[in-house]
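One chain, chain A, appears in both complexes that follow, with chain B as partner in the first and chain C in the second.
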Partner chain A sequence: MSYAVELVNISKSFGSVRAVSNVSLSIRKNEFFSLLGPSGCGKTTTLRIIAGLEEPDTGVVKLDGRDVTYVPTHKRNIGMVFQTLALFPHMDVYDNIAFGLRMRNYSEADIRRRVREMLDIVRLSGLEHRRIHQLSGGQRQRVALARALIVQPAVLLLDEPLGALDLKIRQHMMVELKRVQREVGTTFIYVTHDQTEAMVMSDRIAVMKDGVIQQVGEPYDIYMHPRNRFVATFIGDAINLVEGDYASPGVVKTSLGDINVPSINEYVGKKVVFAIRPEKILIGGEVSSDLDNVFVGRISLTIFRGAFIEYRVYVDNMEFVIFKPHVGVSYLLLKPGDMVKIGWRREDGILMPE
Partner chain B sequence: MNVLDLVRRSRKLKLFLFIGIPLLYLFIFFFIPFLIALLYSLGMFKQVVYQYIFVPRVSLDYYAGLFKYPGILKLIQRSFYYAVLTTLGTFILSYPIAYYIGVKLDRRYRDTAVLIIFTPFWINFLLRVYGMRFILHEAGLVNTFLRLLGFVSEPIKFLGTDLAVIIVMIYSYMIFMVLPLYGVLEKLDVELLEAAATLGATPLKTFLRVTLPLSIPGILAGSLLVFIPALGEFVIPELVGGPNTATLGTIIYSLFLRVRGVTGWGIGSAAALIYITMIVVASYIYMRFVGGEVVLG
Partner chain C sequence: MKWFDRFLKIYTYIILALMYLPIVVLIIFSFNESRSKVVFTGFTLENYYRLVNNFMVWDAFYNSIWIGVVVTIVSVLLAILMSYGVTRYSFRGKAIVDSIMLVPIIIPEIVEALTLLVFLVILGFSLSPYTIIIGHVAFDISFAYVVIKARMAGYDPQFEEAARTLGADEFKAFRKVTLPILAPGIAAAALIAFLESYDDFIKTFFTRPPGFLTLPVYIWNMASRRGFPLDLNALASFVVIISLVFAYVRRRVERGVLR
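Then we have the complex of A and B:
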């Protein structure tokens, strides 16, 4: 099977800064793939290397199985949505969208038909003769998307395109992007620092840090089985981390006491980081005496978060973050200062190397 | 209450000090003299120099006198010819420089590069033009080079020709083209060029479809800054040209300073007014034509 995009051992430095370090990725056809990481992690540079806007120092870029490492951008048949959108200010919506087709010498009749189709897909019909500065943020977004998609690129590259939008429009555009991607059936590579965007839209995510890929996987996989401390903390709203020694199979010795964990032989005798997600922790009356892990702590803070309640519970010096949906009202009875039992199942714990 | 308090309190007074003084300045040194020239050209002044005797009648005699001047149409035509070629020449030579400094050059070095472009302007205009006489002379720098490189056996006679005038005019006016072009190109969003490339545009098409249209305000400003003074240029044709390079500016100059008297000033004023009218008309047509939507719409 040939991949839509393959990166083999790509590295790129700017001066003494190593922006991308030995990155290898295989992105499947029609996949919604996200490059996720904090700013400066090399995700945008990686995207620009795929686009041919930067040349890698070492490594190979393949599009549809073809080596394009030294092929200039305009011959790569890619589409790109820039962070600033980079819409042509001297053209109206129609001319912006038609630009790629004109570069490919389509007839004006053909262009008119295709632009109309594309305006329909991104739901901008009727606005074709607006100037760019007359559009709202969300509308500009759609023009940029339509302009990049109309040439039917082998892969569409998106560089934090939702960054400038308000939360509500951003949430709406996330769903729109996913819908458009399904409708046109194109490979999307999406760069973002926002883990929610990546989780909502992606088929697979690559988490990057300091130019190095930390983990690649489906959103579920990355959330449930983070490979290291960075991925665990970067993905998800919060996570509880406890350091300890994996003394014997299934038991981690920590300052809180023994924690019962899944049995993973490769960790025996090593220092490990134990992690548990906030929604996996049971609290108060939910904790039965036969639960694998039970601790007693004191509630320091309760925060009403709308869809759930956030508790902060101190066990010794360790503060746990716990999320509870409020079915019924019983959870609302827990107050700061109360002593409560908290606990979790052995299989809900996550183990990572130190 | 003293004067300062009065100024502080009165908005009108502040406004007057803020724009009133510059306006007053322009009124005294531009508008009044312009009005005087207008009245002169219409024969409404009787005497010259410090004795302004107003005559309440309008006559077009000086305008008629100007057009009876031998070869006047030829002179106007030549002025246009020089101004258009100078504008085109400065544009062709300035665009690559402005593009390089404003787009390609590392941001850190841009100010230095602009400063370097300015260096010839540290020297007085007249001295520079006079210096060009030596460079273009039959035994000068250009001819020496051409001879050493074997391009010519006989020295080319530049001085006194249209070519010399145009070469020197392009050199003298180039900075007025480079700066406005640099101004727009420096602000050009490089991502727009990258976006064009991702859409399949070759570098040439990117230039024609994106860079060039977005430079129009700079092209417009630059060409007006060059064209307008170039149309009235008389020093350069005088210094490096000859009897066949006289322009409208030359005539205005000689009417005021050589012919003099009521007639000289009258016909000179008429010529100056015709010159101004031509500039206004030409600039307007040009802005309609090139600027189109960008500037006016």
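Then we have the complex of A and C:
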């Protein structure tokens, strides 16, 4: 099987800064793939290398199995949506979208038909003769998307295109992007620092830090089985981390006492980081005496977050973050200062190397 | 502080009057019947008839225009290339190149004209309309450069990159996207370059071949030899009006950029 995009040992430095370090990725056809990481992690540089806007110092870029490492951008058959969108201000919506087809010398009749189809897909019909500055942020987004998609690229590259939008429009555009991707069936590579965007839209995510890929996987997989401390804290709203020794199979010795964990032989005798997600922790009356792990703590804070309640509970000097959906009057039952039992099942814990 | 506001207002009017009253008087007296420059005796268009029938004026006007056009095209083309190089690439001595481009704006024109003449003589050039053009370009390119570079510095290279991802090679991306986006700035630069050339007297005077006239040179000749005839008023009015038209067009173009 040939991949839509393959990166083999790509490295790129700017001066003394190593922006991308030995990155290898295989992105499947028709996949919605996200490159996720904090700013400066090399995700945009990686995208620009795929586009041919940057040349890697070492490594190979393949599109559809063909080595394009030294093929100029305009011959790669890619589409790109830029962070600034870069819509041409001297053209109207129609001419912006038609640009790629004109560069490929399509007939005007053909162009008219295809632009109309594309306007339909991104739901902009009727706006073809608006100037760019007359459009709203969401509409500009759609024009940029249409302009990049109309040439039927082998892969569409998106560089944080939703960054400038309000939260509501952004949430709407996330679903829209996903819908368009399904509809046109193109491979999307999406760069973002926003883990929510990546989680909502992606089939798979690559988490990057300091130019190095930390983990590649499906959103569920990365959330549930982060491979290291960085991925665990970067993905998800919050996570509770405790350092300890994996003394014997299934037990981690920590400053809080022994924690019962899944049995993983490779960690035996090593220092590990134990992690538990906030929604996996049971609290108060939910804690039964036969639970694998039970601790007693003091509630320091309760925060009403709308869809759920956030509790902060101190066990010794470790503060746990706990999310609870509120059913009935549970919010009123637990108050700051109360002593409370918390606990979780053995299999909900996450183990990572120190 | 009310008195100060009033003072500022009056002060501004005085300055404006000093700047524009002479021109207004010049234009009014271009319609004067008698040869007096002090008393307005009656309205006439005779000065303008004389002007229109003077083939020397037409000759000078024609020279001013074609030299202005050639100078504008050459200056703007060179300025575009220079601005592109300075804004888009980094190279040794970039700051020096950038500063040198401003020198012609700063140094006195008479010095520039004189050194230019000496330079041309040393190189063995015989004076011709082309030496005038060289002199004008050497000066106008600075104005065109300043204006075009400012526009280019504010130009986002992602426009060009977007064009390239859509299948345009570098040349096509420049021609179809960069150039049209910069067009208003280039037009403004062209108008300034043309006006600078069209208005120029000192450098033209030093680098022209004998007998070659442009409008400013012809005005000078008339004023110095024949004791300021009244058709000179008419001619000067004509020159001023053309300049004003260009200045107005330039304003419109610039406002187009801001919108």
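List of remarks:
We take it that the second predicted complex is superposed on the first by the 353 of 354 C-alpha atoms of A that agree within 3 Å, B and C clash if a C-alpha of one lies under 4 Å from a C-alpha of the other, contacts with A are read in each partner's own complex, and residues count from 1 in each chain.
FYI, a residue touches a chain if its C-beta (ideal position, glycine included) is under 8 Å from a C-beta of that chain, and two chains touch if they have at least 3 such contacts.
From a predicted model like this one, the values you see are computed outputs, not experimental measurements.
Annotation: superposed three-chain arrangement on chain A; chain B versus chain C shows a clash. In the superposed model, A:Tyr106 lies in contact with neither chain B nor chain C. Residues 51, 53, 72-74, 78-80, 82, 84, 86-90, 99-100, 103-104, 147-148, 151, 157 of chain A lie at the contact with chain B in one complex and at the contact with chain C in the other.
Chain B contributes residues 189, 191-192, 194-203, 205, 209-210, 213-214, 294 to its touches with chain A in the complex.
For chain A in complex with chain B, the touching residues are 51-53, 72-80, 82, 84, 86-90, 99-100, 103-104, 147-148, 151, 157. Contacts from chain C toward chain A in the complex involve residues 156, 158-159, 161-169, 172-173, 176-177, 180-181, 183. Against chain C, the residues of chain A that register as touching in their complex are 51, 53, 72-74, 78-80, 82-84, 86-90, 99-100, 103-104, 147-148, 151, 157.
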